[in-house]
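Two complexes, one shared chain (subunit A), two partners (subunit B, subunit C).
So, the complex of A and B:
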């Protein structure tokens, strides 16, 4: 093995690859199982976007909070939420992360600093301002990260939160996951400015745009602005340009996308393949090591699905529990 | 030690005592300090009507002015609550819920259930409610039924300074999200209030006046109209029992039903609009659970199905009056042809 040219140790690179592979395997499996009719409701898949969640979350600990989106499985996995609990939740089982009462769009694990996927677009931004305020009041050096898509970047809640975070000098990073589509509507049409950096500047904070399919670019940019926020430097915006391999939701025929668009993206901008090839080419990690991870992850997801299907449904009495702490 | 103070002072005192007791209590809102960033007096306003006046001097940065940005700061209060603080966020006029309701009903109210019982969101959202302040359609509403409809929220609306202090202290200590509705026309009203700290449990109505002929249930400002109506009825030898709900969610069904089972007659008074409000809610509950006790149809006295008007002459017609409440009580006596015991005696 040659000298490691990357700013991450081999262990960290393996960890990043494992996280991204886990997200990919999780989502690809949901794609298949949803089509079979095994999964109630609807799911929004993060496949193709793994480098963003992973590159950011590697800088965080359990004391740091994130607020996620409707497309939240990748954020959950990267933040350390248990994959078995996630799968069981998506299957509506009592062993789920939310005991089957949240589902795909509301997976949360506060013990991991994961404040919830969110069915309301842009709603996580004010919440994460509050999480960051709590960290600031306690002086515990925690930071808050909120994710929004390019679609929700037009929500008032998001724009108001940029202002509030700047005025209160909160340790918040606003991550715009720009996959080019607000559901079916093109970002180029729906967002009035040319660059999210301009939007950040308008709110008095730095903004950075990176190729969100490049794990190393995300990791480096996120590291810098998270460190800045942690040290009291205030909020910042990070735009990750990325690609969505599936539709807005599963079952979306994606007739609004150009013919061959998705196939071309999979061939040329697959963040997982790109990370793997780079570390192999640099001679830091052997292909066999990555293949071993692939195998372990496949077994993990298979076991998560098996366990979810075998798990009990919530009891009828659970309908009425946990509305209040006390009432 | 007890002394007479206003409801405004009682709320200020509750915030002060809880901020002293618990360092995780923070208070935020628009102009609750006043003049932040400006070059005049420090602590200039203490809230638009001065409810938080003087607290900044005592508690410093734990009292935070916010930008005019309700979605952001109400959401931030909720997020901070989910992360271990006990924020009290002032919405100024509760009518402003319209620009931040998502954070209240889709976020705060649902965290606990949606996350499988693993979240606590001990936030208090205070705001002014009610008409009679010549503040017109967007600063005068009694929107309590919109909140009571939502599982996960608790809803409080005190009628006097004593209750306001004890209920707000309870609200801050409570581990669920609480919507604390302060009737602006009661701010100046004084009553005996102990200087020390005390909490009033939620879900316990207050029977302000005993009577065996008719039960009158209300909350907030109209409690006082109900009491005036009861005085007028007493002059006609009709003894009304007056129940002040104090909290609307949870609600003290038992006290209502017990009273109706004794009086057989019910008048429900609500300053909210007439459809799907507390009055209809209570009427339906009594219809289902105490139908056999009723000697007459339940009477509802509410605001009309209109926005709140500006012209004082119209606004005075809008809020349920003591006369309307007394007339409703008499209607419950009329149809049966029976004579109330107090009159028969």
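So, the complex of A and C:
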């Protein structure tokens, strides 16, 4: 092996690849199992977008909070939520992260700083302002990250949160995951100022755009922005331009996408393939090492599905437990 | 035949990490559209009736069309007719390449470019003999002059309508050809080629000076920021003279290479990004004559073109850099406006006479 030319150690590169592969395997398996009718509720898959969650979350610790979206599996895995608990949750089992009552769009694990996926578009932004205010008051150097899609970025909650974070100088990073489609509406039809960086500028904070399919671009930019927030520099916006390999939801016929679009994206902009090829080409990691991770991740997902299917559903008597928080 | 002018306006320049690691500005899409309307009005005032414009999905065109419609609603028609180039929009640099080729084939007399050094490089790579009129809407722009776009539009209009003679209206520019493994050229740079130690593209911008190793510039201007400033603060080289400058760099404080001490190394403090004064270790520098291939000492790293990391190379790759004089043309805005003033090109008839005479 030659000298490592990357800004991450070999162990961290392997960790990044393992996280991205885990997200991909998790989502590809859900795609298959949902089609078979095994899974209750809706699922929105993160496949193709793994570099964004992973590149950002590698700069965070359990004390940092994230507020996710309806497309939250990748955020959960990258933030360290247990894959078995996630799978069980999506299968609606009592062993799930939320005891089977939340499903795909409400997975949460506060012990990992994961405040929850969220079925309400744009709802994570005000939540993360609260978490960031708490971190600021405590003075514990914690930061909050919220994710929003290009569509939900037009929600009033999101825009109000940009204002609040700027006014209070909160340690928040607003990540716009721009996969080009708000469900089925292309971005250029629906975003008034045409640029998320312009939007950030209008609220008095810096905005940065990166290629969200390039793990190293996301990792480098996110590192600088998160450090700035942690040091008291205030909020910022990071736009990650990325690609979605599946529909808005499972079952989406995607008639709004050009024929062959997804196939072309899989061939040219697969962030997982790009990361793997780069570290192999640089001589830092051997292909066999990545293949070994692929095998371990496949076994992990298989075991998570097996365990989820074997786990009991919530009992009727548990209907009102863990639903409300007592103060 | 009345001249047609091409317009390439990049909607996404000035969006990178320098808004966080430095205090770089963001030029909003509406500001870019306003700049374009100013240029269009100036072109029309000089008699340019048609422009050919690169299509994009970043929002500029929509705001420009709104401005044109508003003027027409007032009964005014101060702008040329805008024809979009018929081409697919990918949102990548390929759009600029494709649009520039189409404009050249359509016989445009000049191309007005709104963007950073990178956008201008993309146009210069494809424009052939068509002159460029550059307007800075990027971050560390060294290539396009910083001036009011209305004046750039006026100068371009005067140049392409023949009211300023070509030998005054247009100027030759240098570029550096980067050949990788014998492909000539694999890449070009209009201002600078920097070889840096990191071997990943990442967020593209250059700001970690400890990784700077070698720098090649077409001109070295102490009045700009970015990589050209490093060379410019050592030995200025103008845009108009032949050749450029090559500078060997090292991590600040380590001004001697591992192979042995090299006397004369120093630390330079240079503005490498907006508001960012950085210590740069300088080993030595020398003139880079035109037409002479330079082979870098750096064995592996990343090639940054005009201030942005573009491609990585390894010890297996063979690099060669050659500066070319008079490689492409630009509109000489200063020359055009001075000629226009001296010859009263924008006055009515009769031409007024100075009260001093």
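As a working rule, the second predicted complex is superposed on the first by the 322 of 327 C-alpha atoms of A that agree within 3 Å, B and C clash if a C-alpha of one lies under 4 Å from a C-alpha of the other, contacts with A are read in each partner's own complex, and residues count from 1 in each chain.
Following the convention adopted for this analysis, contacts are C-beta pairs under 8 Å (C-beta built on N, C-alpha and C of every residue); 3 or more make two chains touch, one makes a residue touch a chain.
Note that the coordinates shown come from a computational prediction; the quantities given were computed from them, not determined experimentally.
Upon superposition of the two complexes on subunit A, no clash is found between subunit B and subunit C, which fit side by side. Shared-chain residue A:23: touches no atom of subunit B or subunit C. When the shared chain is aligned, no partner comes close enough to touch A:57: not subunit B, not subunit C. With both complexes superposed, B is the one of subunit B and subunit C in contact with more subunit A residues. Look at A:300: by the touch rule set out above, it reaches neither subunit B nor subunit C.
For the combined arrangement built by superposing the two complexes, subunit A sits at the apex of an angle of 120 degrees to subunit B and subunit C, based on C-alpha centres and given in steps of 10. Of the two partner chains placed around the shared chain by superposition, subunit C is the only one that A:194 touches, whereas subunit B remains out of contact. In the superposition on chain A, contact of A:325 is made with subunit B only, not with subunit C. Legend: residue contacts after superposition of the two complexes on their common chain; A:152 is shown touching neither subunit B nor subunit C.
Once the two complexes are overlaid on the shared chain, A:220 sits against subunit C while remaining clear of subunit B.
Fitting both structures onto chain A leaves subunit B and subunit C with a minimum C-alpha separation of 25 Å. Common to the subunit B and subunit C interfaces on subunit A is no residue. Interface of subunit A with subunit C (complex): residues 5-7, 188, 193-195, 197-198, 201-202, 206-210, 214, 216-217, 219-221, 224-225, 228, 236, 239, 278, 282.
Those residues of subunit A whose C-beta lies close enough to touch subunit B in the complex are 65, 67, 96-102, 106, 108-111, 115-116, 118-120, 123, 125-131, 133-135, 137-138, 144, 156-157, 160-161, 163-164, 167-168, 321-327. Contact residues on subunit C toward subunit A in their complex (touch as defined above): 11-12, 15-17, 19-21, 26, 28-30, 57-59, 62, 197-204, 300-301, 312, 314. On subunit B, the positions that touch subunit A within their shared complex are 24, 26, 62, 64, 66-67, 69, 71-85, 87, 102-103, 106-107, 111-120, 151-152, 154, 174-176, 203, 250.
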